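Here come two complexes built around subunit A, the first alongside subunit B, the second alongside subunit C.
Then we have the complex of A and B:
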């Protein structure tokens, strides 16, 4: 094995924290071994630097200077009202609610009314303590250092299953609330599976309570597996004004004739890295992925996407839009792989950035890797400031420049938000995005 | 349409043996011992009669090269190159530098005639030499498939293995003030120009292959166009690798002084051999205020046989520096040869209002691997660039476009348009697109689009329904696909290229 010594302070802290916490992290039997293996995998590579191609624009080794201690049980109780206020427009959503506070499942704050014959819901921590053999297979991860760190440190999360041909009717709102008054690190792992023909709208909302300290580190991995003919709408919203570092990974696998619609709204973390890995595992599946990233100040948002067309006859669409103000740096890396036998693949990808300030930065790397010939694949990438002609048009109609800019920016982002299928969710996220734009 | 017809006929007439330049010339040559060390560098420098500073420059490059690692980021797979098992210098015996045509070994002239580059005929047609003069044996009676039949004159610098054997039209060019000679000659005749510009675009330690080239480059072309001069004819270099186990390392330096214009063409071929051969060139272009350089390449090194055996490993660093305001550099390349291509002709847009262009057709068949593209580095204000790349992959080949467009913080008003399309012929090949866009200035306006698809069944059906065979139909569609780029080639190369496309794709259907 290629063992590099852990050099930076942050890497040393992670190692120490792991050694200190290993005994108290949930899990028995194989779980401990799994965590130790994951830690070794991390130790072999260390934090990714810009020399690692996938992290070219987000040098985590350089940027992650200090790792806060893992979150401990919150002393101050969190009320449902606190959560509601942090959720903002999403609070009013008619949804099943699952709440994790500082990475720990809260039975009191969660409200799930769906029948157990429709949805099966378990706390990951509880299951890790029991450590049934079937669970081990869920962590067969080889998707990089961040996931390895997550596996080593995962404190809790949810195991959610929608049974065959069932539809819960209401969306499931999974709230990741940050409440700790000291800056802390959380590692959450969610494992979601939709059995054949099942339907689910899952909203992951990452929010910070008013009392929460800044400078937190979150590492959240959500694995979603869609059975044959299943349909999943997966929406993630991160509206975090408290200067946190957010590392999120989606690993999504689509069975035959499945449909996956994903959306990510990322606004104002100090540093966010959204890894999205989609694998087509059965023919005839469809993917529609979109997102909006909004950054100002010195914020840094990186969306890295890999769509793997491993089987024929699948369709993928991606649309990502970014608004960058101040000295913010927005990154979009999107790779479409078409494997040798994945004929009749149809893949299209678009990334666009709007730069509001002269010092904003956008880096994009859309990538096509195609080994089959009977395919139609394309990608586009653009970046520019607000179009002077459009601005002039608005102004010539009597709209003041500030409002004209706001209108044009909102409509730019609106194009991505429009992709959300569920109307109530679309409106809530639209409100969040506009709120962010107007706050600037 | 006529040209398309020609392509179709060309494709028809081709036999199983697709590479028509694969012959070898039996000529005695003088080589440096195998391997690479400081003594070899000294040997090459001495052979060339170079000034002391040049030797120091080479040794510096050599030492830097020792410290560099071979790049591995490209999507290329090839056996490790043993740099100690190569000949770094090989020259046809008796040739120490370019001289007049009369002194050139007739066998060499014959080689170039066979390649369709009748050096001799060119001069006769142009009236430099009287037609009755004794001509070397076996020179072709007409330049039907060469450039000679074209209207315009083309001055040619012919490079054979490591040395330049002849440069034509030097006198006519000198009248206009244009210097066109081999780089070894330039080092002797115009050392001040070479010293001023060499390595200012591609520094010695720029990358592994550029460092290697800087240490051992043996020849190449040098062009200097003085202020305000529009070069009266196309300049051209023809590169030929002949000797076994040799690497070819040429270095080209083109300087267009204020307000001047030059168009330069480059062609390459090599014999068919079972082993791989290394070619690592460096090309530096410098355009000062209001100058324009147009650089066209038809790269047709031996691509290897149908099983992927043999072929040239082509690792080339080409970079243009738009140093002056309102300058323009345009790269046009047709890449059909080489087993491995690693090549990224780039533009540094330093001067305000400067412009960079990159037009590329990269065709891969058999087991060829191409990793090519460009870099457009916007540094000055209101700089613009345009990238049109057409990749065609057939057989079991892998064809990658890799490009970078970046705008520096001060590059206000930078503008780029990129279009890369890939066409796949057959289900065993791969086409990849790896573009990087980096905008550090909000007024930068970048647009990138890429598509990958196969030739649509509808188009083929339409053509075959009108009586074309499937190969003719493919040639027609492919020529249409690359039209945008073909239009940017000088006339001489356009017809040639259309034929080449047909030949390269031979055997890719059915």
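Then we have the complex of A and C:
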């Protein structure tokens, strides 16, 4: 059968950009074939429209009209001070620092002091150029349109490994800095693995330098694999007032008796889609996932989560909180799958939105797919305005209404932010969230 | 001086009249108690004094130091010295008690034309007051009232009252749900605030609180009106006879 799909302008641009860039994208041998296959996989489906269930509320085909050209090397050098300034409250964090500028690893701006016996760090581009056979396996389970595009276009990223039973002692701050003065597209792939018993606090900070153009497109995929007994805190922060499109995917796999605590702060992109895919691969593991999404104006933030309980005796918790003002649209789709063997699964999910405007919109779609019969699973969703009783209580103490409203909004978000284990990171993200709220 | 004149108030949503012509004067330096059966309008009076907009004043006036407060929002009233200790204090997750106290104190001081306290000044001030009420540093760090016991919440109300130093204190059933020890701590904290410049209105269902906070006058509120006024001995009489005389029903 000969199926002709009407290509959108953006789909055409992506194909052209790929054909033009294929020769210069890093990688030899199998890498080129991998990219070409990924591009073909993308082309077969095209950008997802609202007819695709997972994309029901975020019609990418409709929204992604024009794709900016892939970022080229920045002409203006970026200094450590530029990065600090863009990081704001995260700049002072005592952390190992890895910096990617417009999707390219910067050895100059990165500063990692942990011993090589503790962590192993490589630039993905450097490894793609060498194309060792083991690396190909890291892309074996790629799925979905956004990840396919990422595989086709990935320019760089990091390969980070924490060795068996090791703990770097301080967080690893992975900075995704946008510097390009022309709106451009980046595709970054990070592959993180924690060997058995290893510990890691990984913070991904997506920041825009003052000089950065608006209208950028970022596609970032971070795969994290936790070995048996490993503990990972994975925190993502995106605060962007410059009208960018942000497509991010977390693919996380937990071994036996592992603990994964994730947090995502997403504030003010023009469009963000956060896909989070968590798979329990070993028994006795725990997931604690939370996030805050903050949007105003016509901003659109979609968090789509799939938690796959493939094995018994695992626990999952999710708490996502949104503050929506103006005509903003917040989306939370949370699917929990409990496979037939996954007895004694304990899963709870909650999404809550605070509506600051009558024109804001919140779409929540919790889904439980339970095939085992001895499980405890629950989900909830709420959508509220500022509580009038609480407002009265604050005002009866002399707090003026505007300050009381801000305080109650901060309190609403605070419940999610409090889940961040590392105190310094929690405070920095709290400051970022409050900064966003007060800028309104 | 607090002057409540022929105060009528109804529930804003459905117009149900709750207060049906209250007249009450509390001079500075005096503590008055209001007692009454359930549903008599005690809590409504407390809320109307504090400015809750679920109630609408349809007639009469409330003057505080000669000035009508009816058109003022709750925060403006607080700045004028009005304080309501809630029967059911609210929990505010995500806001540390210390942060809340500071926001309240600074807001009130600003409105009163006083300068804000520096961080060390504020901490010293609050810690001293907290110690008197048996409120630990750890409680001050926790989100306001979240996970607090009934007694801890009431102590927190009294702490807020002593920090904000209001001149009109309205205590709405502060004794409800408290054991004897908690009542004593709360009463001692309240009694400390008695002074020549401060008027207090203590609302309670039971007489026992008034053993600790001895009132200058006792008023019986029933069916939305003050039915009887007397000295502290009136509370003891009510304890024996109940409110049946005022409600027209046997207790």
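The definition used in the following text is that the second predicted complex is superposed on the first by the 432 of 440 C-alpha atoms of A that agree within 3 Å, B and C clash if a C-alpha of one lies under 4 Å from a C-alpha of the other, contacts with A are read in each partner's own complex, and residues count from 1 in each chain.
The rule we apply is simple: a residue touches a chain if its C-beta (ideal position, glycine included) is under 8 Å from a C-beta of that chain, and two chains touch if they have at least 3 such contacts.
Remember, it's a predicted structure, so these values are computed and weren't measured experimentally.
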Clash or fit (per the criteria above) of subunit B with subunit C on subunit A: fit
Partner chain(s) touched by A:115 [first = subunit B, second = subunit C, both, neither]: neither
Touching partner for A:355 - first (subunit B), second (subunit C), both, neither: first
Partner chain(s) touched by A:62 [first = subunit B, second = subunit C, both, neither]: neither
Larger contact residue set on subunit A - subunit B or subunit C: B
Partner chain(s) touched by A:396 [first = subunit B, second = subunit C, both, neither]: second
Subunit B versus subunit C as contact partner of A:16, first or second or both or neither: neither
Angle, in degrees and to the nearest 10, that opens at subunit A between the C-alpha centres of subunit B and subunit C: 70
Subunit B versus subunit C as contact partner of A:378, first or second or both or neither: first
Subunit B versus subunit C as contact partner of A:364, first or second or both or neither: first
Which of subunit B and subunit C A:40 touches, first, second, both or neither: neither
Minimum distance between Cα atoms of subunit B and subunit C in the superposition (Å): 13
Common interface positions of subunit A, toward subunit B and toward subunit C: none
Partner subunit B, residues of subunit A touching it in the complex: 53, 324, 340, 343, 353, 355-385
List of subunit B residues in touch with subunit A within their complex: 73, 409, 422, 424-454
Footprint of subunit A on subunit C - complex, ascending: 50-54, 73-75, 77-79, 83-84, 86, 89-90, 92-95, 100, 103-105, 107-108, 111, 143, 160, 164
Complex interface listing, subunit A residues touching subunit C: 388-390, 392-401, 403-404, 407-408, 410-415, 417-418
